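Below you'll find the structures, each written out as structure tokens.
Two complexes come next, and they have one chain in common, subunit A, joined by subunit B in the first and subunit C in the second.
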Partner chain A sequence: MLNDLSLLIGITLMYSAPLIFGALGGVISERAGVINLGIEGMMTIGAFAGAAVGFYSQNPWLGLLAAGAAGGGMALLHAVASVTFHADQTISGIALNLIGPGLALFICRLYFDGATMTQPVAHKLPKILGDNQFNSVTQNINVDVTVPLALVAMLILWFVLYKTKWGLRIWAVGEHPAAADTMGIHVRGTRYICVILSGILAGFGGASMTLAVIPQFTPVAISGQGFIALAAVIFGKWTPHGAYGACLLFGFAQALTVFLGGGKAPVPSEILAMLPYLLTILVLVLFVGRSAAPKADGEPYEKGVR
Partner chain B sequence: MEIKKEYAVQMHGITKRFGSFYALDGVNLDVEKGTIHSLLGENGAGKSTLMNILYGLYQADEGEIYLNGELAAIKNPNIAISHGIGMVHQHFMLVDNFTVTQNIILGKEPVRAGGILDMKKAREHVRRIVEKYGLQVDPDAKIEDISVGMQQRVEILKALYRGADLLILDEPTAVLTPQEIDELIRIMHNLVADGKTIIIITHKLKEIKASSDFCTVIRRGKGIGTVSVQDVSEEELASKMVGRSVRLAVEKTPAQPGHTALELDRVTVAGSRGVDAVTELSLQVRKGEIVGIAGVDGNGQKELVEAITCLARCKSGMIRINGAEVQNTTPRNVVDHKISTIHEDRQRRGLVLNFTVAENAVLEKYREKPFQKHGVLDRGRILSFANELIQEYDVRPEDCAQQPVRGLSGGNQQKVIIAREVANEPDVLIAVQPTRGLDVGAIEYVHRALVRERDRGRAILLISLELDEVLHVSDRIAVLYNGQIVGEFQQEEADEKTIGLLMAGGKRYAENG
Partner chain C sequence: MQKTVKLLRKPITSTVIAILFGFLVASVVLLAAGYNPAEAFGALFNGVFSKPKYLSNVMIKAAPITLTAVSVAFAYRAGLFNIGAEGQYIVGAIASTLVGYLLHLPAILQVPLVILSGMAAGALYGGLIGLLKARFGIHEVLTSIMLNWVALYLSNFVVQSKTFHQPNSTATYPVQQSSYTMLLPNWKLSDEGLAFLRQHKWLSEILLKTDVNFGFLAAVVAALLIWFLLYRSVKGFEFRAVGSNHAAAELSGIPVKRNMVQAMLIAGALSGLAAAMVITGTNPHRISTLAAFENNGFNGLSVAFIAGSSPIGCIFAGLLFGGLLYGGQSIQAEVGAPTEVINIMIGTIVFFVALTRIVPALADRLERRGIRHAE
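Up next, the complex of A and B:
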């Protein structure tokens, strides 16, 4: 019993970590008023960059940094398109979701003998209790270091958004950019920073899949996590802590899939695998009201346009 | 012109072009320290542009700005703020779900080490300014929960918090009740007594008389001159602004009401937040009279109009037109029962902006003969019909029938709508904010058109946020507060004070004795 429970908790946390990074990215971008539908694409490119750099450098931490840089680079494209050129943010985000996997596969084939997956990294990111755990319970809860990192990222983002002047400004830029502008706040600069941070976080999310959960990049390593993360943003009412909780719920659904898939339930595993996605749809249907969304979310800001 | 230290602001020879259009053409403005100086002009005359230049939102193409006798280059609002200039915009620049204090400190937050907000210090600072100038505001209230008048005080606080010595108020009274306007003028006098200088942009003559020391008039981008307010009458100011003599009063004979054309019987309409926006409202409008509804925005005006025109559902109650019930049918049915509506937002509800004037003219008639035969529009007939309206209503330019209505000025767009609605020969004409955003000349025109249609025996329901308009044009005045009619007056017995109090939710004088 304790064994089952600890296993369930362990898997939940493991699958939640990538979602949490992605969702925190969504929160910071949308708080500043830029919808970032490209989280999925940024996670994919991060997942690849993390695994590839992790493989060649043999250092998973370098891989993690590379993943953040790759995600941030993609996000820069989004910022240029949507902040500077006032492009439709939905379209720009979708474009990034197409570019992300395409670019990842293209570079992967270049550097890994035409294969669509990287070779496994020699060293994954460490586990919180070290490598040698023989007790099955401690083994179950010996989760990847990305789990506490995700918690720390959430706490930092919460603190910045609610307790600091930068948070107040980000909030203002997302709710009423013209008001922020008249108060001397640099709206575009703020949005650029937030969108790029969003990409960096999404990149981390991708790498927490390919440097921790599985040891390599595959074309299906990121399959919908970015969209689930966006659902978590909405479910969590655009707050870091809310999104964190929502990700744990989605991670739990994924854990149930794995847990029950081991022959414990008389349901085909293909049906079980749909669980996280079905939950996403259900949550969106029940909680999607725009009431909690930042008022200027998705609206380009043009000076002097009333 | 002389540059002096006694002047808080001197703007000399300011010219601003947008493309080939001169928004401002060599305008001068000299504002003495410690005075209230109003800037008067019609819509589009350039007064807001001039102030946006002073606040650094636009750059002048030519001309100089002197602040306290020294030349200043104001490239952006931050520089303006550092010179002690504060601006309260016409559309408030407040974040709705922030508290009063958060809005005030935004961009200049008191912080402890590491950028952590010091909210206690912020609150104390705000409270100090609030007490000094008698601006009543709760520093911890959220903006979305406080009245418009209070939101405006928050805007003034924002400027004072940043150390403003010169306050620019852009159309500050447009959204206020008469009592709130009195309060604002009192605050303005407090500020000036403390040595501040105030520039107020407005086209309301009465308020200039009540508040200002000097008035500079701008007409079509050109400075017409500055006058000492106590030396001129409202009529003189209006003539200077428009460039010809204007009659401010609406001329009309006493109403001769006939039988009831529009009857609302205990109508209740749901609002957006689960609370009823209109509650058990009863009202009758007879043929040959204008009934005006006075009220502050958001007290059920929108929902009331939508219920009558069947754009929204009535939860209960009846709406009768000439005795026939029409509630909860369709907008087309209402039009067929001879109700015409001049909607509040002419650009969103009144017109299809990208359609031509001719197409807009037949929006409600296109399916009738002779405008269509077997489902095919007769463009020739539509065009000649539109040209008749354009002539009759003096829409300009006169060859605009085939041009998109988007290109017309606000006043001419409104003429197109009035022409179309009146051409329906309605029994009931509903006019919602018919003069919003129009200049004095166009307002005069609209008011005369309403009176003319009344004299032709139509029942007219006028809903306006401008109390003066309701008072001058209506034969009977009903005050709407919180979705209910809280008072009804004949025009001759209506006085502004009583109605203003009722609009703000005060008790009826009659009840208090």
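Up next, the complex of A and C:
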């Protein structure tokens, strides 16, 4: 019983960590009024950069930093397009979802003998209780360090958005950029920072897949997590804690499928695998309802235009 | 000057510029990796144009993504972001495979029924997204993403089911031959047909070496019909009104919610049609286990955006995309550069399409300067 429970908790946390980073990235970008559909692409490039640098430097922490930088770099493109050039943010984000995986696989082939996957890293990111756990319960809850890091990231983002002057500025820029501008807030600068931060977080998310959950980058390491993170942003009503909760729910539903999949339930595994997604829709229908995006989400800000 | 301004204002100009940037960025990436871009693009060009069968394959590849692109473009005009085309495609493929396998009718009945079932499945799946948005206010992007995954697992469930799984394979049984939508499927293999084709090399290459089918024709017809619906009918005006300003549409008495559902039904049917044409028109005429999304719907998104959400534009953008995807394979074979350079290129094109708002703005600036000079 305790064993099963701890297993369920462990898998839930493990699955949700990459999603949480991605979703927090989505929250911060959209709070500042820039839709970021490119989370998937940024996570993929982060997943590759993390695994590649982790492999060559033999230091997973350097890998994590590289992942953040790679994601941030991709996000910079999105920021230039959507903030400076007033581009269509939806399209620009979709473009990054093509460029990110394309670039990741292209570079991967160059540095790993034409293969689309990296070699496994020598050292993954550490587990919270260290390597030597022999009790099955502690083994189950001995999650990757990315799990508490994700929690810390959520808490920081929550604190910044709700308790600081900075946060207030981000809200203002996302809700009513013209008003924010008249108050002397630098709309473009704020949006740049938020979009780049969103890429850095997404990059971390990618790396928490390829430096913690699995030890290497593969073409399917990131397959849809970015979109699920995006869904979690909407589900969590564009708040850090809401998105965090949504990711946990999602991770839990995933864990449940893994848990029940081992022949414990008389249901085909494919049907079980649908559960998280159906559950999400059901929860939305029953409890959440109308979504409330930041008012200026997706609108480029042009000075002097009403 | 006037001419330049006019030219810059045309939507096609921005698209062409975006495509040029795509080639430019791809060249830089190739150069940086130590490959010769000229050779790579030569291989790409040859991989598309050097043989009739290549061209035929490009059209076969372009058909489904053109249709899903029309689906996305249509929904976009109606104010909905149909990222769920992927899922609608998958359920369309499931339905047309099942109906095509279970029914044993003469082709004249079988083909329409199989195609209609694919369209109906896609329509219902798309309509569900519209309904959830209209009734409960749930963001269509969210439901789309969830339903894409549900469709993927549903497809795998069907593939693994006792009734449809073909033993010793990772796929279902194929559809009955009477469901085929290839060009002259029986004649081309008959003695008479083979004798004729032996004398016409060109035709024989296309007919015998590729699954040349009615898919692309269906895409063109669908694009034209959607254009007509959007721009030449009252219903289409309603869709566009809801799409451009739903508050204003509501105030002028247009039933916004009903239009949402209807638009998603149509968009879903188009994605379902894409799948039905693939199942009936190309080998292996069945669905297989999906390890990941095949991107038929997601590619449609890119194509629709390259086309500037114009249904007619989707035909050309679809061909371009199909050509890049198909011809891109020869880059790796001939030059050794990773095929993924094509994805980078397509991504760059889409990225610059997003930036194209600058081009008309540039035209405005040029015009103003022109006026100042004239004064």
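In this text, the second predicted complex is superposed on the first by the 286 of 306 C-alpha atoms of A that agree within 3 Å, B and C clash if a C-alpha of one lies under 4 Å from a C-alpha of the other, contacts with A are read in each partner's own complex, and residues count from 1 in each chain.
The working rule: contacts are C-beta pairs under 8 Å (C-beta built on N, C-alpha and C of every residue); 3 or more make two chains touch, one makes a residue touch a chain.
Keep in mind that this is a model prediction, so the values were computed, not measured.
Touch criterion met: A:T182 reaches subunit B, while subunit C stays clear of it.
In the superposition on chain A, A:W171 makes contact with subunit B only, not with subunit C. Using the contact criterion defined above for the overlaid structures, shared-chain residue A:K295 touches subunit B, although it does not reach subunit C. Look at A:I94: by the touch rule set out above, it reaches subunit C but stays clear of subunit B.
Set against each other, subunit B and subunit C touch different numbers of residues in subunit A, with C touching more. Looking at the shared chain after the overlay, A:K163 reaches subunit B, while subunit C stays out of its contact range.
By the touch criterion defined above, A:F227 lies against subunit C but remains apart from subunit B after alignment on the C-alpha atoms of chain A. Look at A:P268: by the touch rule set out above, it reaches subunit C but stays clear of subunit B. No residue of subunit A is contacted both by subunit B in one complex and by subunit C in the other. Touching subunit C in their complex are the following residues of subunit A: 77, 81-82, 85-92, 94-103, 105-106, 109-110, 114, 220, 223-224, 227-228, 230-231, 234-235, 268, 270-271, 273-274, 276-278, 280-281, 284-285, 288-291, 293. Per the touch definition, subunit A reaches subunit B in the complex via residues 163-166, 168-169, 171-172, 175-176, 178-185, 295, 304, 306.
Those residues of subunit B that touch subunit A in the shared complex are 57-58, 76-78, 81, 87, 89, 91, 93-98, 102-103, 105-109, 111, 114-117, 158. Only residues 29, 33, 81, 83, 132, 136-139, 141-143, 145-150, 153-154, 156-157, 160, 291-293, 298, 301-302, 305, 338, 340-344, 346-348, 350-351, 353-355, 357-358 of subunit C touch subunit A when the two sit together in their complex.
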